[in-house]
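Look at the two complexes coming up: chain A is in both, with chain B in one and chain C in the other.
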Partner chain A sequence: MTRHIHIVKVHHLTLSFPTRKDPDPRPVLDDVDFGIRDGEILGLIGNSGSGKTMTSLAIAGLLPEAANITSGSIKFAGKDLLEMSPKERRAMLGKDIGMIFQEPSTALDPLMTCGKQLDEVIRAHQDASVTPEDRRKMVTDMLRIVGFTNPDEIYGRYPHQLSGGQRQRVLIAGAALLKPRLLICDEPTSSLDTVTTVSILALLRDLCHRFHMTILFISHDLSAVRGFCDRVMVMKDGKIVDMDTTADILNHPRNSYTAELLTNARLDTRNLGLEPATVDYSKSPVLTAKNITAGYAKPLFGRSKNKTETNNVLHDVSLEVFPNEILGLIGGSGSGKTTLIRSLLDLLPHSGTVNLRSSSVGAIFQDPVSCLNPAHTIKWHMLEALNASGKKRGKVSRSERKALSLKRIITVLEECGLGEEYLTRRPKELSGGQRQRVAIAMCLIQEPALIIADEPFSSLDASSSAELLKLMTDINRERNTAFLLITHNIHIVRQIAPRVIVMSDGRICEEGTTSDVLNNPRSEACSALLEAERRVHGTIS
Partner chain B sequence: MARAKKNSAEKTPEASVFYIVGLVLLGIVVAAFIVSLFWTPFEPDATDAASKLMAPCASHPFGTDNFGRDVLSRIMSASKYTIFISIAGVAIALALGTIAGIPAGYFGGFTDRGIMLIGNSIMCFPGILLALVAVAVFGASVGNVIWALGLVFAPTFARVCRVGTMEIKELDYITHARVMGVRPLRIMTFHIFPNLVPQLLPATVIGLANMTLFESGMSYLGLGVQPPDASFGKMLADAQAYVRVAPWLIIFPALMLVFYILGLYFISEGLRISLSKGGK
Partner chain C sequence: MQSKASYLIGKTVELILTLLVVSLLVFAAFSVIPGDTARVMLGPDATESQVELLRAELGLDKPLAARYLSWLLGLLTFNPGKSYAYNVSVSGLIAQRLPVTIGMSIIAMIMVILISYPLAVLSSRKPGRLGDQICSVIGHVLFAIPPYVASLLLILLTSSVFSLLTVGNYVSPSEDFFEYIGCLLLPSFAVALPKIAMSFKFLRSSIIEQKSADYVRTAKSHGMSDLKILIRHVLPNSNVSSITIISIILSDILGGSLIVEQVFNLPGLGRLLLSAISRRDFPLLSGIVFYLALVTVLLYFISDIAASFADPRIRLK
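Let's turn to the complex of A and B:
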């Protein structure tokens, strides 16, 4: 096979989504021109909507039907991909170009065992001469390579029996089985916690050397490319704005947009002006939880067999949140963070007591897509929150009350950085960051003393996260609202939370002031988290 | 470029194609119904011994039946019952189904099991048989037909609502509403129900079509609309004896029935396509 310096050469690619109403829209990809060198790991960084996923789909030939390539070409190892027939391209997929997607929970068929799914991959691309025994051996070998110590057991497991990180490993095994020359990874780690992220990145790098693969690594997190990518490309609004070696980009960004991304990725308090309120620990806490034990019930028919056995996720957890405080709650996936807040919010049956010194408690959840009701406008959402708080009763006429509520809604929305024009919009017209803002506004209008935020940053890109973080600290300072911030981003906790709780295996393993806990970790779980954080984001002074 | 466009020929037809065909077919029946409210060429029930079993001609475009009644006039007045019974029946089924299905999905557990037990008990009998028994017991009248069919169809809607609710209740905005302190009844009516509409709409239109089939079946068996009022099913039953000598007695009511049902099916298919595309 001839070797080319560039395994993929994208030449002045312009792509748009024309519709009948708008036959000539703004291009999604605008004159994109770059090459991926053979054997390198190229990072493709950009905020949501910058066109990074479209670029990867164009290379893989998986563009949506409505997409229209108006100019340019894509060459893979010298062959023009756009001139190929669909059949030829399909044959290339998997064999020459492999892909790994963001969401490991939906990328595997829940009704097929992992081994069977990997077996399908080989069957689809190889002639019938390979015996089932050979195929099985290939699959188990690959499972061992991607880091499973018990490949035969994993072979027979269903996806729901694996954790997110394990599923991602199975998917990587599937992509690596055919030893593709190019592996496209579309945010493979953004739904994983830091510890798992580190191990997955190490695995990808190892595979890259072992099979001489080229990797196109897509991420919205500029800091994730540290120590992983050889070169980095920054995209904005469908254009490539910057391209350099990783070290140069991270240490001496020349482009102003790259510099901005970098600042946001670091979430630097000094640059953002984050000033959390000072906390008075002598006051009585807003939330006191004592000895919380909770778990998920067994299915209805499983119960009769073993009545005494419980499936507890949380064991005897106690915590206090003081007024004005931002309390950080960190822990790896599966440590029981989400179960804890669901118990605190009384959404889950639990034993133990939860005492709230406030009529209402706000909550912000992880997923900005489903946090708002798609059937209603923002105004409806805000009114619903206001009415549910039940605070507006007074001796005023209906129309007056309406005007008053509207005024309050607008004030709160403006406080959250959204103007009056958002009132009539529907959730699908908003970006992820804007939706999270509306969710916060809905909490604020109820004037809670405590807002529980469950990983609000994990689905947002760096810029939106930074803005949201600033909004949260502003609210904390100006309204004296306490926050219970659940996150796996230790860096954020370090910047804004004076006190932190570390959870592991459903228990609180460490608790204390942030500097104390993070500088002298005493538990194994905490040191593991810190180590992973250091490897992903670099040392932060 | 050209090759990127080629693939689009293979994809499913646009929703608008289904809408247009469906609305034209449905429009024929609805137009007949609307006109019949003000005017019919002849009195639908007026017999005329002098013009029995007349083939279609200038004065009787669709011919006459064995009593000399004008088929066109009778078809026009029959469309009234078809449309009325199907809409009223589906409205009852939809109301019952939604009221039962959403709580079943929302609360789960015993509520769910209890409600679905009733629903499944109804569904395990052939629908038409159950409706026939109900009408036979309570007497054959338009009102009873509507009630009976409404009950028979309710479990289908309940299932659609239940499954939809089970999906939606796990989403963050419902959890959010619960945390905010919104009451369950309000969550079900204002937070969940509007999001079920995309699933309920095609089901409703299909329900209308199926309801019409059932109604014609019952009228055909003499347990639906009672003579002398006209209905498509009854007209088909009456025309059976004359199928050789007067085929127009069968052709025209049957065609109207086909137009109505096919029109509804096309519209529901169009709805399904357009809602699944732009639903999110």
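Let's turn to the complex of A and C:
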């Protein structure tokens, strides 16, 4: 088979979600027309809501029931997929088309061992003649291929006993088990840290060569496709706006939208106007934490193995955050970043002292979806945050107080780039970036001296991240609010944080000015992070 | 630091403490009920000295704490004393009535599971469609009907309108087991009706929730059929959360059957309880209440343990 034959040909595909109220809505996919060449790795890039996932689901035949394909066709190896019966299409899934998804932590059934779940893939497609021993051998062989040195042990493990990266490997094993010709990867690395991302991408590339697989790689991060994809396709509002070889797209973007995505991905300080405040390190810090040690309950069966080892995740961590400062905190998964901020916020029992100069600390978290109450409006959320701050407002009548707090809420929301019309909206009517803005607004209304932000960008696409980053630096400059920014994105830290702390294995392994630490890493953990960063994103800037 | 053993020990201590509190409450409640047991037993014509004599005989003149301790000791050794009214041992009385109440509860529970599960599965296939809506409306109506009203309606329907079953009949299981089951079918159904609605509603939403889970999407991408996904992934996961609800329903059924027995004229614990109340039969009354509480607390205890074992995330922590 030659390389230039299209294995998938999507022909003028238009797709919409008609409802009874609106029988002819704006299409989610608008005249999408492209081909995936046999054996290539095609990147599909675009912001959230641009139709990337719908395109992949249409190819796989897993569209939601409400979706309606109004025109166009999809051909897989010459066969028209839309003409097939649901049963025929199902028979192709797993066998001809494999899929892996974004969130490995929830993509496996928690009640079933990994081996059993992989076994199901074979059973769904093979006739009864394949013996259980054969199936087991197939599964363990594939587990070895995806990088497990102990496949028999992994076979009997439950998903919660594996790390995020390991789960993603199990899922890749499931998708590649029957050696499908097309592997659709829907943001497979966006919830993984940089080091794991590098290894997963290497694995996918290896599989692609080994089994002569074609990969459709979906991502919202343009820089993530560098060095991985052969060609890149850019989508915006359901349309394909740009398509070229990866090098051309990244180096000479012809389309203005692609250029904008690139700017956002690079977080170009000049173009975005990111100017953090200057920090006076002679002032007394807003947050002083000394000798924090904390841990979680010991695992039930783990204790027999490591009887002497303590179960602490954090060991004797001390740090200071100065006024106006944006302090970056980086480290791989499991380095204790989240445990540290949970201890700082007093959400976790710990030993050691945490001193806050001001009583109020704000916090924003990784997942803006689950942080807001879906039943209530934004106004309710803001009011609750305002009341929780407990600021005395003197003796005013109830109606006056109401008007006052409403005014305050509107000012803060506007500061965060959300107009008055957002007051009556509910969380599900907002995009991820807007939700994260609400979370920041809820912090701001309490006028905190410090906001702790735990991976606020990881669920956002590049454009929303860039906007959020700008908002954070604006707040930092204008309100003199300090930020403790936890992230696995070293690039962001490089851009806005004057000082950085690197964590590894529950200890602070490096601390200093950002340029110093990132240019001359002294610890192994920091070098590993930088190396991974370089391999994923290339040397941007 | 928590291990499986310490979890079990903790739960058991919790269980014992709960039972102690229950026993205290039961004892306290019956100690403050107005009316003198001896006076009630002997009737209004008895003289004061006769009443005093009986009080001494029953041990009612001893201090409260001593009475509580001897009562508790009796309960724990399954020898809560003699009934005042029947003059036979309380455990014997309870054991005699138990088959009715237990039988009804078990049959009702089986009905709940057999009816609500398939309905929930069918209903969750196409949430929001007509069939689902009809099921939900009927569920709400059934949920609102108390068991004794349901039993009256059922009696009316089956005996007067269709004359299918004889109501108010009871055959003990040692005489004819199938006849015994037959007698309990209708009352069990009356008890089960609102619980069917309850467990249907819960199962339906839990199945719908699990269906949108990510691992279902993974299974679909593996090419598994919807039925297989339902049986192998969706139902086991929804069962984990259902265990607690099922145990609540089971204890509710136990309580509900006490009332329905009365309507169907069945010689179960409920009727024994009522007669014990009206006759101020303290040993019998407290015995029944305590043992019912024991069963309920034990059910919760078992469901807690079962839930923790059904989920490998808890089991293998």
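One rule holds for everything that comes next: the second predicted complex is superposed on the first by the 521 of 541 C-alpha atoms of A that agree within 3 Å, B and C clash if a C-alpha of one lies under 4 Å from a C-alpha of the other, contacts with A are read in each partner's own complex, and residues count from 1 in each chain.
Everything that follows uses one rule, which is that a contact is a pair of C-beta atoms (placed from the backbone, for glycine too) under 8 Å apart; a residue touches a chain by one contact, two chains touch by 3 or more.
Quick caveat, the model's predicted, so the values are computed rather than measured.
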{"item": "Touching partner for A:370 - first (chain B), second (chain C), both, neither", "value": "first"}
{"item": "Which superposed partner A:82 touches (first chain B, second chain C, both, neither)", "value": "first"}
{"item": "Which superposed partner A:245 touches (first chain B, second chain C, both, neither)", "value": "neither"}
{"item": "Partner chain in contact with A:515 - chain B first, chain C second, else both or neither", "value": "neither"}
{"item": "Contacts of A:150 with chain B and chain C, given as first, second, both or neither", "value": "neither"}
{"item": "Partner chain in contact with A:318 - chain B first, chain C second, else both or neither", "value": "neither"}
{"item": "First, second, both or neither for A:160, with chain B first and chain C second", "value": "second"}
{"item": "Doubly contacted chain A residues - partners chain C and chain B", "value": "none"}
{"item": "Partner chain C, residues of chain A touching it in the complex", "value": "60, 62, 90-95, 98-99, 101, 103, 106-112, 117, 120-121, 124-125, 158, 160-161, 171, 174-175, 297-301, 303, 311"}
{"item": "Chain C - residues contacting chain A, complex", "value": "1-4, 213-215, 217-225, 228, 232-233, 236-237, 240, 310-313, 316-317"}
{"item": "Interface residues, chain A side, partner chain B - complex", "value": "63, 65, 67-70, 82-83, 86, 345, 347, 360-363, 365-367, 370-376, 384-385, 388-390, 428, 439, 442, 446"}
{"item": "Residue ranges of chain B in contact with chain A within the complex", "value": "1, 3-5, 7-8, 11, 171-173, 175-182, 190-191, 194-195, 197, 280"}
